[in-house]
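What follows is a group of structures, each given as structure tokens.
Across the two complexes that follow, chain A remains constant while its partner is chain B and subsequently chain C.
So, the complex of A and B:
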């Protein structure tokens, strides 16, 4: 009965969505805001990557909100994940090949992550993407050697200070310029590494926060007790 | 010196400081866990301190800038390219109520059961919830609203799971699934609006709506967003998470979710209805779902066996009434909606506060009046107001809805009117049943509510009585609020002054 109801519901929903989709004019988007941003963003923000100009400039508070959502999810995961007993079973280490491979990958992933973060205002990429790559570097280490501990206090400090840095840059603009998260420091020459004002700093803050957060969740999961233990 | 300058600028009420009630709690949340490693006491007072500061800043801005609405382009990027905050009287009222209620129902001022780490997480999640709720009240950009809505959702998942029992985790998981389902719907609705209008700014969509949205597509977008934002507002088909979550979560968190957060989701829907979807079909859809919410909620509350579940079901019914009220066209609908909404905010929060120690089955409550006469008296007061017994404010709110429905006069309105009267009878039946049980003459092992919850309930009860005495000025003020809330042209004019000028 319940399955039948679910099936009917799903079918009805699919029909509804198809009906809506058939009415929409795909392929001819109304570029009201998009076109305007394309026209003014290079002068107003000075970032060669216009997506970053939108994410950190025009819609900076959205990005702050998204950062907070990720943080909320990590914190909520911390609430739910239990502590392990001192004598609970651990996964065995991954063996010589895996360990050496992880040690080799670790610095490479860090460099790629930092590169993606630092060039967020120039090329596709930025804090979120680079942060995930940074976290992946730590994932590799934890997966290869489950007995290894990440220092929770250090992760927690990086995460907290990076998040605070994003907001403090915004508050600095509020005091200096009267507007929260207004770009400061001048735009510089477009395309240079040091350009687009405070945008690279914001990218760095996001990257460190996202990286620390995801690495923290992974460390937490690795330390939580396996259900069969 | 610098701190001095900042303080004096702060006191000079710059519109730009309107972001602070959103941003400061976020800052506190980010720093909470590292701070707790250094100083547990510092972390413990950080949350309440920031709430007081946020409330102070909002109050200060409101006092200095007066009742006329104003808007703030964040980052100095003028809307519609940037995001704006829009502050009218209702938005400011909520921006003020959020930190105050969060302070009244702050889960615990001490370390609590889970130790230092868990306490820091709990406080961080509370601050995130406050920031998200304030953002929902103030934001004038559809996608920004979605971001804050998601933040409120994710923060509440963590808070609801705080008790750590298996039951509460199952309830949280169900809540998470339904929320995710709703979020997809809301996002789809927003995407459709963006596709049709090419903008996410509420004011600009409002400007373009008469040409682009009075069609089935627009209506479908509204329906999707109504269902999506309805999850938090306990709207009829997407409210199945409510009873289990409120029964399993810490009661103070339930108080905040049922009292405060649900109202902000309603406020978002009302803004959409007022600004973008004036079609009668949109309001009719809301009316029907509201009526179904009233009937199912009240009937389930009548059958409920324990106190938090009864409150949860009654809250579904009351929010159904809020939706019915806002579905009434014209200013009376907005006034009735605001009255029911604020009344429920005060009453249901206080009742959940009483449920902190009374979380067991209803039968266990018999004779509780002997142990805690004040709590029982307060319960009776709130119950009478919920039922709508004159001269309490609940009566006035309900009468406004009934008058609005009677004036509307369509068959749907009449159906809603009958449902409302029926619901009142059911409400009276189950609330009196509990009241009688409280005053039964049996010795009881039920503990009295904690002094803090009793104090908060007494405070809110006193507020309710004060409104009863001063109903006339409150009603006048609320009428002005409703008038301002309903002025579509004023919203567009305030949010996009340059745009309007350019168009003329």
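So, the complex of A and C:
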């Protein structure tokens, strides 16, 4: 009975979505703000990657709000999982092969993550994507060696400083330019590593914050007490 | 009626992912499977949002990459989805944290078993017999009686017996 109702629900949902989709003019976006931004963003912001220009230039305050959501989720996960007992059981370590592989992957993942963050205004990538790659470097270490202890205070400091840096850059722009998070420092030459004003700095702050937050969540989950044998 | 071009197939695929995820959330009885279904539904929704910015023959919105004369796709849905993905990861991590706590407290993630054990806990805390609540129908309940292991009340229960097999 319940399965039948669920199937009916899913069928109705699919029908509604298809009915909406058949009305869409697919391939010709109906929103005009996108075309407008594509026209003015290269001259206004100076970032080759227009997605980053929108993310950090036109929608910077929304990005700040999204960072706040991520921070709330990370904090809530930490609160829910709590502190482990000193003598609680831990998961066994992953063994020689996994440990060596993790040690080998860790610096490479760090380099890739920092590269993706630093080139966020030029190529596909940016703070969010690079931050997740940075966090993945720590995931690998934590999963291979559950006994290794990640320092929560250091993670919290990185997270807090990165978030504060993002807001301070925004306030600096507010004082200097009159708009919160307006790009500063001039645009530079399009396509250079040091161009697009403060966008690379904001990208770096987001990357460090996202990386530290996700690594902190993973450390909390890994330190959750294993079921007592 | 839509003709089955490549774009239509992609659009229907995204719709299908969203529907499969929604169906999985409703139909499954295991909390972790519900979380996986949520992730599937989320990717379907993200794909749909990206597809609304698609422009026929458009290139990625990056200057200096590809044909400069070609029109670019709408960057705004991509920005929205970019952050939605990372937030989705954060929300899933929070959900996993909650699941870990549920498993530590009740030793199972199966919704039906959880319901039975929580009923038993509530009944024990209220000091009544597990199957004798005032709202119970006169003919008794069709559910099997809840297992009454461990301590009474909302305290930590011992996990499921299967865990004892591990060294």
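The working rule: the second predicted complex is superposed on the first by the 217 of 229 C-alpha atoms of A that agree within 3 Å, B and C clash if a C-alpha of one lies under 4 Å from a C-alpha of the other, contacts with A are read in each partner's own complex, and residues count from 1 in each chain.
Following the convention adopted for this analysis, a residue touches a chain if its C-beta (ideal position, glycine included) is under 8 Å from a C-beta of that chain, and two chains touch if they have at least 3 such contacts.
Since this is a predicted model, take the numbers as computed values, not measurements.
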Partner chain(s) touched by A:120 [first = chain B, second = chain C, both, neither]: neither
Which of chain B and chain C A:10 touches, first, second, both or neither: second
Chain B versus chain C as contact partner of A:34, first or second or both or neither: both
Touching partner for A:210 - first (chain B), second (chain C), both, neither: second
First, second, both or neither for A:164, with chain B first and chain C second: first
Partner chain(s) touched by A:180 [first = chain B, second = chain C, both, neither]: first
First, second, both or neither for A:66, with chain B first and chain C second: both
First (chain B), second (chain C), both or neither touched by A:44: first
Which of chain B and chain C A:18 touches, first, second, both or neither: second
Intersection of the chain A residues that touch chain B with those that touch chain C: 17, 24, 29, 31, 33-34, 37, 59, 62, 66, 69, 73, 76, 80
Partner chain A, residues of chain B touching it in the complex: 6, 9, 14, 16-17, 19, 22-23, 26-27, 29-35, 37, 73-77, 80-83, 117-118, 121-122, 124-125, 128, 131-132, 135, 143-144, 147-148, 150-151, 154-155, 157-158, 161-162, 164, 169, 172, 188, 192, 195-201, 204, 216-217, 220
Chain A to chain C touching residues, read off their complex: 2-3, 6-7, 9-10, 13-14, 17-18, 21-22, 24, 26-29, 31, 33-35, 37-38, 42, 48-51, 53-55, 59, 62-63, 66, 69-70, 73-74, 76-77, 80-81, 123-124, 126, 128-129, 131-132, 190-191, 210, 213-214, 217-218, 220-221, 224-225, 227-229
In the complex, chain A residues that touch chain B: 16-17, 20, 23-25, 29-34, 36-37, 40, 44, 57-62, 64-66, 68-69, 71-73, 75-76, 78-80, 153, 156-157, 159-161, 163-164, 167-168, 170-171, 173-175, 177-183, 209
Of all residues in chain C, those that touch chain A in their complex: 1-2, 7-8, 11-12, 15-16, 18-19, 22-23, 26-27, 51-56, 60-65, 72-79, 82-83, 85-87, 89-91, 93-94, 96-98, 100-101, 103-104, 107, 158-159, 163-164, 166-167
